[in-house]
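First chain written, first letter: the chains are A, B, C, D, E and F, and each begins at residue 1.
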Amino acid sequence: MGKKIITIGEIMMRMNTPEHLRFSQADTYHVTYGGAEANVAISLAQFGLETSHVTAFPDNDLGTKASSYLRQNGLDTQFVYFREGRMGLYFLENGSMQRASRIIYDRFDSAFANFDGNEIDWDLVFEGASWFHWTGITPAISQKAADLLLKALKVASSKGLTISADINYRRNLWQYGKGPLDIMPELIRYSHVIVAGSSDFENCMDIKVNDWADACFQAKSDFPNIRYITKTKRESISASHNRLKGILWNGKEVLKSKTYEITHIVDRVGGGDAFIAGLIYGLLHTDDQVALEFATAASVLKHSIPGDANLVKVEEVFDLVHDKNVGKLLR
Amino acid sequence: MGKKIITIGEIMMRMNTPEHLRFSQADTYHVTYGGAEANVAISLAQFGLETSHVTAFPDNDLGTKASSYLRQNGLDTQFVYFREGRMGLYFLENGSMQRASRIIYDRFDSAFANFDGNEIDWDLVFEGASWFHWTGITPAISQKAADLLLKALKVASSKGLTISADINYRRNLWQYGKGPLDIMPELIRYSHVIVAGSSDFENCMDIKVNDWADACFQAKSDFPNIRYITKTKRESISASHNRLKGILWNGKEVLKSKTYEITHIVDRVGGGDAFIAGLIYGLLHTDDQVALEFATAASVLKHSIPGDANLVKVEEVFDLVHDKNVGKLLR
Amino acid sequence: MGKKIITIGEIMMRMNTPEHLRFSQADTYHVTYGGAEANVAISLAQFGLETSHVTAFPDNDLGTKASSYLRQNGLDTQFVYFREGRMGLYFLENGSMQRASRIIYDRFDSAFANFDGNEIDWDLVFEGASWFHWTGITPAISQKAADLLLKALKVASSKGLTISADINYRRNLWQYGKGPLDIMPELIRYSHVIVAGSSDFENCMDIKVNDWADACFQAKSDFPNIRYITKTKRESISASHNRLKGILWNGKEVLKSKTYEITHIVDRVGGGDAFIAGLIYGLLHTDDQVALEFATAASVLKHSIPGDANLVKVEEVFDLVHDKNVGKLLR
Amino acid sequence: MGKKIITIGEIMMRMNTPEHLRFSQADTYHVTYGGAEANVAISLAQFGLETSHVTAFPDNDLGTKASSYLRQNGLDTQFVYFREGRMGLYFLENGSMQRASRIIYDRFDSAFANFDGNEIDWDLVFEGASWFHWTGITPAISQKAADLLLKALKVASSKGLTISADINYRRNLWQYGKGPLDIMPELIRYSHVIVAGSSDFENCMDIKVNDWADACFQAKSDFPNIRYITKTKRESISASHNRLKGILWNGKEVLKSKTYEITHIVDRVGGGDAFIAGLIYGLLHTDDQVALEFATAASVLKHSIPGDANLVKVEEVFDLVHDKNVGKLLR
Amino acid sequence: MGKKIITIGEIMMRMNTPEHLRFSQADTYHVTYGGAEANVAISLAQFGLETSHVTAFPDNDLGTKASSYLRQNGLDTQFVYFREGRMGLYFLENGSMQRASRIIYDRFDSAFANFDGNEIDWDLVFEGASWFHWTGITPAISQKAADLLLKALKVASSKGLTISADINYRRNLWQYGKGPLDIMPELIRYSHVIVAGSSDFENCMDIKVNDWADACFQAKSDFPNIRYITKTKRESISASHNRLKGILWNGKEVLKSKTYEITHIVDRVGGGDAFIAGLIYGLLHTDDQVALEFATAASVLKHSIPGDANLVKVEEVFDLVHDKNVGKLLR
Amino acid sequence: MGKKIITIGEIMMRMNTPEHLRFSQADTYHVTYGGAEANVAISLAQFGLETSHVTAFPDNDLGTKASSYLRQNGLDTQFVYFREGRMGLYFLENGSMQRASRIIYDRFDSAFANFDGNEIDWDLVFEGASWFHWTGITPAISQKAADLLLKALKVASSKGLTISADINYRRNLWQYGKGPLDIMPELIRYSHVIVAGSSDFENCMDIKVNDWADACFQAKSDFPNIRYITKTKRESISASHNRLKGILWNGKEVLKSKTYEITHIVDRVGGGDAFIAGLIYGLLHTDDQVALEFATAASVLKHSIPGDANLVKVEEVFDLVHDKNVGKLLR
């Protein structure tokens, strides 16, 4: 069985103000694309893994461009569909110093939200794949998206793929009449690797959290397929200076990574997705502790790169894990 | 009675690809703002007239920025409202040579479309105003927008303002269950100056057109308030080269302006709005023929300016009318 | 009585080199506008207060553009006058690391310097206003500017406005034959809130300073209208890293704010103006200590924003005061 | 048999001065990628055909980026190889008005020039393909490149593909000890569609040209596989204004397309490649005359697009062929 | 005797709006430098001649940068002086289509205007020089500048240099109490080659012009040193389309150059200076008619280049004279 | 004897990705120029010393532009030669945070590498010069470059110039069949001031290093001309944060400078060259300890400036040495 990774989810056009300009100052926007799941897939593609992303874009030039962004970054796009509808958007003002970063979403009624995916041949999608990754954003978008994901999970599960889920609870979504507890537990049931902090446990898994490790054991008991639960711990000294470490519960104990000082932050969006991609790569190739260190170092490097996606190679991440070439000038 | 002009209508955020890039090439967008009615108001403000625009924006930083664009260009914004909802958008790829320009609209469900304007004090809005301008885009957006406009027209009419209307029939709008013939005739009934080509006559006024002048007389008979009907005639040799003249029926005869060769076009969006603004200015200050020449010259100059709005002064327009300083270097 | 704020003073066109380029490297300049008093007014407008600025610009497109900058940022510009003369300019090279920032002024003989303002209806200017703010830069520019300011102060005083003054002693100005001690004491006499460090006390108020608190009491005795004296204390570790706190003498005691580490500075110009705007807002809305904390936090946030003006909202400042959302990603 | 198209050839990094700047003025370069054969493949991919390009890039980040450019524009890159060596470069100064455009090549000793391709499985390359396109640039680069191409031609021929060749004689290449007459005739022998002007006939096919039609018949007699010979006729009024038509000899007669005035040229590089791509598409889908009109219109549209590649769709080309929507604003 | 050329005059910092933006739209300015005489010198330096320019800049980083611009473009700067004062500026809005270009000057009280040049060793300046070029702008700036120029002319004349003068009458200058007829005749008396149109003859040489050729003979009689009088004839169809020819009276007859259609103009500023530089080069190297054709072709090419200076080589100009490579793509 | 400084060496075109973009993201490159020796010369020119650089560029517009860069920054370019061949290039991706900076060189077979310099009149080159600086990069490029340098050293030595050498061992160069130990000792023999770390001692001087001071004494014994040996010690906390001090052995003892925290690094390329330039200036003007402090402070300031060259003035460096105006806003 190969190591092809399948992801599913919406990709938005990201419009961000240049340099340190506020929304009120910007007359130009830099455009790139982002979505939690595609961010993971792109990072894995940079690590050399085969990845295919399932999504729908509007059937116009903006959709074509978004799809070409995925191809450009190494994803297989044969399961990208073009449908009537609009492109989900988000506007980003990067913070700096004590000033926070701000996102204005404009993603409702997108082509993806209205996509039922009835024509998808899921056997073909998962052919030769070993891992399937999803996030809690997809079922929060629309009933159709939740149904689509459930269908995918059933097939992936029946084929024996490893399934990872970033719970990623977002209060602002879930506008279509269902709440997370109506939907998420059934989806989580299929999953083996879970990214969850306290808010995720409570809102999506109905687990009250006093102690995170206890919550992990409780989750395992409620959702027996779970093998790993993970999260990052981020301290925000300022928009330009964070402190980050990774935490991984492996069914037995809670592992912790090194703690990194991240100063001179360029772009923190996608830092969590970079962590998950690192963890998937790590769990596929090394042991638990190294996987966690790899994931955390990958996330750290993401903060130095403009855009949502973590465009770094395996060697670069391992160099940081081993404190090698850090910030050097490599000729 | 002063010469304050009132306009109403949606303003969209305009995202256009820089230089000659296609949508598929652009990673940066220039952002400005445009809406047929606000374009007219801004042009009139550059001519030195007092103008106030009635609209609604989303209650977020994008809305604030759009409003500051109106202030920056001289409009009074005391009747700009901030409401829940999204900003209407349009994406623009400027054509060049034989390649056409392309617009992708993304304007449904905007804050303006959902704005009922119940809190507007229309007496205050029209206080000291002599002219009200609207377009057929507003009633095409939503029932609420159509109702809002009707309310405004009734007050404006009762206060004796001159009312102008750019029929501007757009097939892609009118998605809310009503057709133009359900709505437009009642609105047109209040109006004295009409911008209408054949498609407008047929779709919005139920007048079949063999000869435009005949149609004008028919319109006058169906809508007795009408005093002027106008349009431009544009030949498109290429995206960089158009030929333009203005035509004005003044109840008696059809006047024609000079014909202009417009080569090396910079931005043709808003050319029609510039014409109307020129005509309003002209009708307020001079005779019919000069007004028409002024309107056409104003429209020609718009093609040299990036963005939707015609940022030229009265003297510049008259210089072109009088063939003075054309393309010179003025020190 | 409303809370409208009136300010007066010159606005210069600011040309700054992009990114970290030195003057010797730059072939492009970013253009914005700045002036100590208008910076205060713009900041107050962002806080939601009504503000009107009195100034003169050259009667050409550069003046028009500068005026539209004020409108864009929320100021009332009915008391902006267009006169013969030139636009004051300043060229800015932003420092970084240990390298200092540099300003080259080119502001002599500006339209404002030659403006006598005889046509100003000062009663109209101050109608509905509660606060008047001026700085020591205005009387340092020219005799006409000093006279204009004195006239304004007399009216403002007679109408019972609160008057604040940023002494802001600049050795390079005062070129028209008068020294600060010839002019400033009379002007300060009208003022209630004073921004003054040791150099200001000595050069403009003829008060020798051993201890700043003592000097404040002395000032109160010399200028009995004074109720508050304030200043910031800035330590410059590098151009990218400062340490800042605010200090306020309220007639009784010296209050101090939290001290902030400001690293990754984007633009420190206007930091003092942001402090004063914050203090004015604070004194109008809260108690002395909170006002001081608000002022200092406002100044800190300014350092994260390109340009002279502090484009932040009240909630953002209070968030920083309360150590909330600092440097977070707000969705 | 499907319609997959195979191309082979070097892709260079193209560095062009922005706007109208001369080499002596530019401190910034726009980077894109181009190569005669890949340009053809990308254009065909935009037309909706499956295309795969065979090439070699340096095994560094510049090579990776170039390859991602191909993927982004729709090419299959499974036959892109990464090898030691450098990236071929070309520097471009776009002309304007009477000033000519200038290219400085820096392409010697590239990874492609030194690539022997021994590991290529040519059966796999041509699997499912119906057309193979090559140009005279490849055998002019190096002996290895000439050998590689010959190998490809033999396999393509044995599998019955249609083979097209753009002779494209370049005096500045051919530096490795062989002349075009040593190499080209053998390669041309395999080809069915030939792009050749007088200089190509003389230098690469040893055919003296008095009359182009006569030369075509002679070529057919010397190279019996030839079915079509084509060229464009370009008049250069200025760098901003050309006149273009296409010419096609189909074994029986010489067909001519409409002549186009091309004013306001944006970028003429790749105009010939766009023509060939159009002709291939046309010959695969329509009759000879329409194919020629399609090819010429495609080439015209290329001149409006920055970069080497013709990013237009089939409908856009047919619109121009049918004089529809020319230079319009399409909403 | 070598062919070193000496020029004298002010250089201003030129701030121009990017692309086609109006002053009211620009938030960024492109910065370059220009002055009628230095423009001539730079053009001659590109032609391969040795040139040295005499001027004064402010003694700050802006002056240093301006001087480095001269060096960068090949001038000898040993006679550039740094003095107290400001940099002369001009703001440029490039026109397009029918919209005129606009310049706002801000050059009064510059370092050059206040420079008496007492320390200049004129013998050293003119050592090895064969030609001295000045314009009527210098004596129009200030009494000091007029005196400085007169001193230079006396030395140049005594050393037998050829002296050329572009009369270049500018009504907006001449603000220091003298009129052109007070000053210019004495200066013109030293000159051999004169650029003069009707307005120049009348305002600076007191010669009424009915017929330009007659005026030339009259000028020769009034100023016996004159050998050549020249001018260009420019028709302005639009800012993007001019028609240009050169005219040269050589003491005997009036020669005319080819007439050029100049469409798609990039930047017309400096077109006259390019003509003069071309004429100087031509008179130094060829016969009268060829010199005139060379001058006109040089001026045409200037219009394709952003900035004041004509950055073209001798071969490029001769190519245009001979209608060779016009608008081609040169590889 | 004057203080003219002569340097020799290749200058490359430097293409660096804008802002923080990775190679894989950049579609635009900023272009500047750099070479270890020219960087030193430019820095010395900014300090007010006369400098002349000997090099060869390709005989095309890229070479001309590179030469104009040298002139622009104050170098004498009379010994710059234009020859057939290509321009050496390097591509730079600036790191940030923990992410390293990366350089891709593309410098083989450059015009300089193939330049034998037979036509150079070395007596003229060194006329009036007091110092000659070279680096170990030049002899590593090609046999011709090594021979050229040796010739220069012989003349410089015979004329009694002080000679400094930055050993600068680069493993990736030295591809022409000779190793550093074949070539370097002879060259070092002529030199008085040496920049050498452990790797340089071992690879180029055949001195094993346990203790750097011991190695210095050993070097003195092996190469009796040596008077000073120097190096910097850099700690790389991240790409944005380094720690730097300078070290100088003066034949008697090892001196150390202050240690600087360098945070918010803008561009670290050329930091070593800035140090050497500072040291040369210091040794020419002050005592050993001050020279070392000057050199280190100069290097620190370089990190704040984009590009290879240290564009700072003597006063700025001394200000930092004396902890004056550090990071201030200088008006």
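What we mean here is this: a contact is a pair of C-beta atoms (placed from the backbone, for glycine too) under 8 Å apart; a residue touches a chain by one contact, two chains touch by 3 or more.
A quick note: this is a predicted structure, and the numbers were derived from the prediction, not measured.
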Q | Touching chain A and also chain D, the following chains | A | B, F
**Q.** Any chain in contact with chain D as well as chain E
**A.** B, F
Q) How many degrees of rotation bring the Cα atoms of chain B onto the matching Cα atoms of chain D, given to the nearest 5? A) 120
Q. With respect to inter-chain C-beta contacts, which pair, A-F or E-F, contains the greater number?
A. A-F
(Q) Could you work out how far the Cα centre of chain C sits from that of chain E, in whole Å? (A) 44
Q: Hunt down the residues of chain B that sit against at least two other chains at once, touch-wise.
A: 19, 22, 24, 27, 68, 102, 263-264
Q | Overall pattern in which the protein chains touch one another (line/ring/star/complete/other) | A | other
Q. Every touching chain pair, please?
A. A-B, A-C, A-D, A-F, B-C, B-D, B-E, C-E, C-F, D-E, D-F, E-F
**Q.** Residues of chain A that touch chain C when the two form their complex
**A.** 19-22, 24-25, 95-103, 105, 170, 172, 236-242, 263-264, 268-269
**Q.** Residues of chain E that touch chain C when the two form their complex
**A.** 15, 22-24, 26-32, 60-62, 64-65, 68, 86-87, 89, 91, 93, 102, 104, 106, 108-109
Q.
With touch defined as at the start, can you tell me which chain D residues reach chain A in the complex?
A. 68-69, 71-74
Q. What residues of chain D sit close enough to touch chain B in their complex?
A. 19, 260, 262-267, 300-301, 303-307, 311-312, 316, 319-320, 325-331
